[in-house]
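Here come two complexes built around chain A, the first alongside chain B, the second alongside chain C.
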Partner chain A sequence: MLLQLPAVGVLLFWMVVPLGLAVYFSLVRYSLLNPDLRGFAGFENYQYLWEDPSFLPAVINTIVLVGSVLAVTVGGGTAMAVLFERRFPGRNVAVLLAIAPFFVMPTVSALVWKNMILHPVYGVAARALSLVGLAPIDWLGGCPMLSLIMIVSWEWLPFAFLVLYTSLKSLDPEQREAARIDGAGGAQVFLHVILPHLRRAIGVVVLVETIFLLSIFAEIYTTTSGGPGHSTTNLAFLVYSLGLLQFDVGIGSAGGILAVILANIVAFFLVRMLATSLKQGA
Partner chain B sequence: MTRRRIRTWLIGGIAWFVAAILFGPIFWMTLTAFKTEGDAYELALFFSPTLQSFRDVFARSHYGGFALNSLLISVGSTALCLVLALPAAYRMAFFPTSRTQPTLVWMLSTKMMPAVGVLLPVYLLFRSAGLLDTVSGLILINTLLNLPIAVWMAYAYFCEIPRAILEAARVDGAGVFHEIRHVLAPVALPGLSSTALLLIVLAWNEAFWSLNLTSAKAAPLTVFIASYSSPEGLFWAKLSAASLLAVAPIMILGWLTQRQLVTGLTFGAVK
Partner chain C sequence: MQAPDRPSALPAGGAPAKGAVRLRGLAKTYPGERGHAPTVAVKGVDLEIEPGEFMVLVGPSGCGKSTTLRMVAGLEEPSAGSIEIGGRDVVGLEPKERGIAMVFQNYALYPHMSVFNNLAFGLKLAKRKSEEIRETVTRTAGVLGLEAVLHRKPNALSGGQRQRVALGRAIVRDPAVFLFDEPLSNLDAKMRVQMRAEISQLHARLRSTMIYVTHDQVEAMTMGDRICVMNEGAIMQVADPLTLYREPANVFVAGFIGSPPMNLVSGTIQGRAAALHFVGGQGPEPLDIPLEGTLAEIARGHQGRPAVLGIRPEHLVLTPAGACHLLPPMTVELAEPTGAESILYLRGAWGGLSARIAGDRLHKTGDNVSLHLPLDRIHLFDAETGLAIGRTSAGRAPD
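On to the complex of A and B.
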């Protein structure tokens, strides 16, 4: 017990103290600008947050961002895993290139995309569009959420691909052979052999990505700062601007608690599945 | 046979195309880093390479200082993580009790908390403890973020070591220290060193807490690059040079940890 005590203790502290403080802050009046304003607020902060015109868009933006990126990365990652699982010349190098974006720090990804790819005049995307005779698009100004989804998907597609690819390699080839001999076509093999095998890996990808995507911040901070208007403000950016730009800790904490609740709804469904499969694995 | 060959080449072609698209922005950034600011706006693949942008980056900023912060934070947090994780993983792998599995799952669940939920309390705790904008503060945060991953990975590696080896050593009268030093370490070291590499990669690229908890003194490279968001972002060659320096070393480490990355980030659910 003594050997695990430091690790357990540190994590227990990390889990209990900040979260407990966040719950407490969300229930009191606490503004860094106005220290005289104190006292128990009940659910006032939550009510204020609810009435804030940026709140509902932030919740919707969070769900749209997380949902879209999950769809792109899981769909794309599965397709890529199936594709790369075939043998072809230089496969290992191609895998290294394909997973490279995952190792790029978020601020670099965001700025390279913002300036060099999505720039409305000189960006690679604008040049490519004009090559095929289409009008250039003001990506971050005109469709900021779509641009953000593209950037974040680019960062996370390699992760989904790598996990699903690794999982697919552990599929027993005989199983697939057997399905083929039974007369199953490519689509049927995919639906009845490959997809069931990948189920656990897909669950893990969804869970891990959701946790990280709920806190997407650096990409927004360096590209749109939540704008134009509130069009790319997600819960993470809203909490940051309420707490650290407007210095209202109470309302900001209420927003943080809502993000925690959102994460737990997702985790509730996935952790159980994950926990049982972890026990089987260990 | 020929149809099969065509299929292989077709699949290879598509796969390489996908890989090239994904790597495209990094490739483009690398090229641009060696261009002049004037050439940077051209799509040309051929140009006369120059190191001017790198010189500018070093001349106009304390690049070395930011890089040093990144290095201290990632190496420091990794070391601290291992110091905390290894004894725990050792205990849980070799002397499991009925509480071991629940403890491991609980550790995993601490990763389920989105960072934004505790941003303000942590910010205020850091402020009152004088940890804002300090390297030790970020070492602490990264240690907490990566500790569950470290425990899980070390646990997974220890579990792969046959119990019989340890028992044989014990029967031969080896003490605990001797056992760890001469039996456990040689077997577990490759796995543990890739664990360490993965932790370094994760801490190096951490941006959420770094942006919120540091400003100038302790800012790592993630924060330094963010300062290019305007208006220096318009200087593509300099942006690219600074970015390339920040990304390249860690990408090589990342490639080396490819397999451990999957095990570590999926908590052993996918191997």
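On to the complex of A and C.
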């Protein structure tokens, strides 16, 4: 007990001080453009935030981004895991290549996508479209959210794939054979044996990805800077833009506190869901 | 277990050919990966299994018995040969179309389904009516004593119960042929004996053909109508348990069946003073055993050739009865008293032996023992081919 105290103390300090400061700043008037305006503001900052025309779009964008990326990575990851589980020559190399995007840092991958793939003039996508006689698309200008979802999914698909692939490898092959003898075809084996086996791993992927996807920032900053308009502004980027572009630390802190609350609500449900499924599996 | 209350697996009236299994030239070769030579798992197995027969495939690990079973099940594609089940060639058919059911070593239950759903899964896939499914599952669960746990998940069951669910899942399919792949190897010794009896009872009641793979010779001997001993992908001998024990066709079967295994001594057959002798063992004073009666007749053609003499540990005696040959005194290296009998591992100047003798005397390591070898219990094998030359114990009435 006593020996754990330093570790617990450091963790507490680490967490409580920034959180406390954020709560404090969210309750005072603190604009760098208007340093004379000081004092306790109550929930004024929260009210301003709520009335900010970019707040609701940011919440919706966050949900759309997280939801879409989760759907793409879990669906795609499962499909890839099933695909890569079949034996074929060079499978180990292929697995390594499939995982590779995960090791690219977000800023780099965003820049690669922005300048080398999605760019309407130099991009590979534009070249591919023109090869089949179609006009190039200005991805980041025309469909910024879709582009962003593509970039982030590309980054997180390897993670989902890796977790699900490993889980699939731990499936007792006899179970699949038993299902085949019971008369199950490929689709039924997938539905009744593979998918239930992957359920826990999918839970882990959803939990971990959600926590990271809620705070996506670098990709937005390097590609669209939250625009055009508010179309790719999520909560994390909104907090940044309020605090460091509009220099209103108070409102920015209020946004940060809301994001913390939101993340905690999500984490609470996910952890509970995961815990029950772990208990069932034990 | 309860009295049978289910329709017979045999078709009414006509010949029960439904469960006949015939393997012809069945072979399986796995292609070598990355420059390795291809692995031959099964090389040309011919085997006929009668309808309703309990056939045990037994052999050391890697002998191809499981691969053979998996080819019958349709889980492996044979490289060559044919498989007929009930007179129908099933090579290329899906497992579900073969009229078989399989019980796996690790039970292979569906962990997320209740026991009821585990049993019902195959029937549901076959699109049976839910009423019929409920009735079949309940009846099978009743036979296996699983009614109380139908709603439980497999991980809440004991090993024996899981094995029963796996059995039940096979039974509800009402197959012509049951396939067992070492189903008892994950159970503890006591449970294994109990499940062994239950499977035998199940066979007696259903009268379906059963093919049972095991590496445990006790399971093979106690359960099989006939036993197929395999080694290195080939069949060594197919016979009923007693024939296998009394008349092993070759050195491998002689050494595999029986515990401790048959003593095998290498040597030559020599003719001296109008009689044949087996001379074997190492050292300046070799073992010299006279061959008598029919065995001497049979061995005459092998005179001067290398041979292997076999004698079962349980046939060596301390006090002679009938025609016996007194072996030179040997030292006890290890004594294993089990109560009713003791197993002695002995060493003499010419080599070593194991003997199973009555347990009324306690032997200690270092004791000197003189054993008698009954001349009418000898097996002789050709040292080059490994095949049996003959035996004096053949055809003897059981003691």
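Here is the rule we go by: the second predicted complex is superposed on the first by the 265 of 282 C-alpha atoms of A that agree within 3 Å, B and C clash if a C-alpha of one lies under 4 Å from a C-alpha of the other, contacts with A are read in each partner's own complex, and residues count from 1 in each chain.
Here is the rule we go by: a contact is a pair of C-beta atoms (placed from the backbone, for glycine too) under 8 Å apart; a residue touches a chain by one contact, two chains touch by 3 or more.
If you're wondering where the values come from, they're calculated on a predicted model, not measured in any experiment.
Superposition of the two complexes onto chain A shows chain B and chain C fitting side by side, with no clash.
When the two structures are aligned on the shared chain, A:245 is found in touch with neither chain B nor chain C. More chain A residues lie in contact with B than with the other chain of the pair chain B and chain C. Contact with chain C, but none with chain B, is seen for A:180 once the two complexes are overlaid on the shared chain.
By the touch criterion stated above, A:172 is placed in contact with chain C alone, chain B being left untouched. Applying the stated contact rule after C-alpha superposition, one finds that A:134 touches neither chain B nor chain C. Once the two complexes are overlaid on the shared chain, A:56 sits clear of chain B and of chain C alike. Of the two partner chains, neither chain B nor chain C is touched by A:37. Taking Cα centres throughout, chain A sits at the apex of an angle toward chain B and chain C that amounts to 70 degrees, reported as a multiple of 10.
In the superposition on chain A, A:265 makes contact with neither chain B nor chain C.
After superposing both complexes on chain A, the closest C-alpha pair between chain B and chain C lies 7 Å apart. Counting contacts as defined above, chain A residues 281-282 meet chain B in one complex and chain C in the other. Within the complex formed with chain B, the residues of chain A that make contact are 1, 3-4, 6-8, 10-11, 14-15, 17-19, 21-22, 25, 80, 83-84, 86-91, 94-109, 111-117, 122, 124, 127, 154, 157-159, 162-163, 166-167, 170, 200-201, 204-205, 208, 211, 214-215, 217-218, 221-223, 235-236, 239-240, 243-244, 249, 252-253, 255-257, 259-260, 262-264, 267, 271, 274-275, 277-279, 281-282. Interface of chain B with chain A (complex): residues 8-9, 11-12, 14-16, 18-20, 22-26, 28-29, 32, 41, 43, 84-85, 87-88, 90-92, 101, 103-105, 107-125, 143-144, 147-148, 151, 156, 159, 201, 204-205, 207-208, 211-212, 221-223, 225-226, 228-229, 233-234, 236, 239-240, 243, 246-247, 250-251, 253-255, 258-259, 261-262, 265-271. Those residues of chain C that touch chain A in the shared complex are 73-75, 94-96, 100-102, 104-106, 108-112, 121-122, 125-126, 153, 155, 169, 173.
Those residues of chain A that touch chain C in the complex are listed here as 172, 174-175, 177-184, 188, 192-193, 196-197, 199, 280-282.
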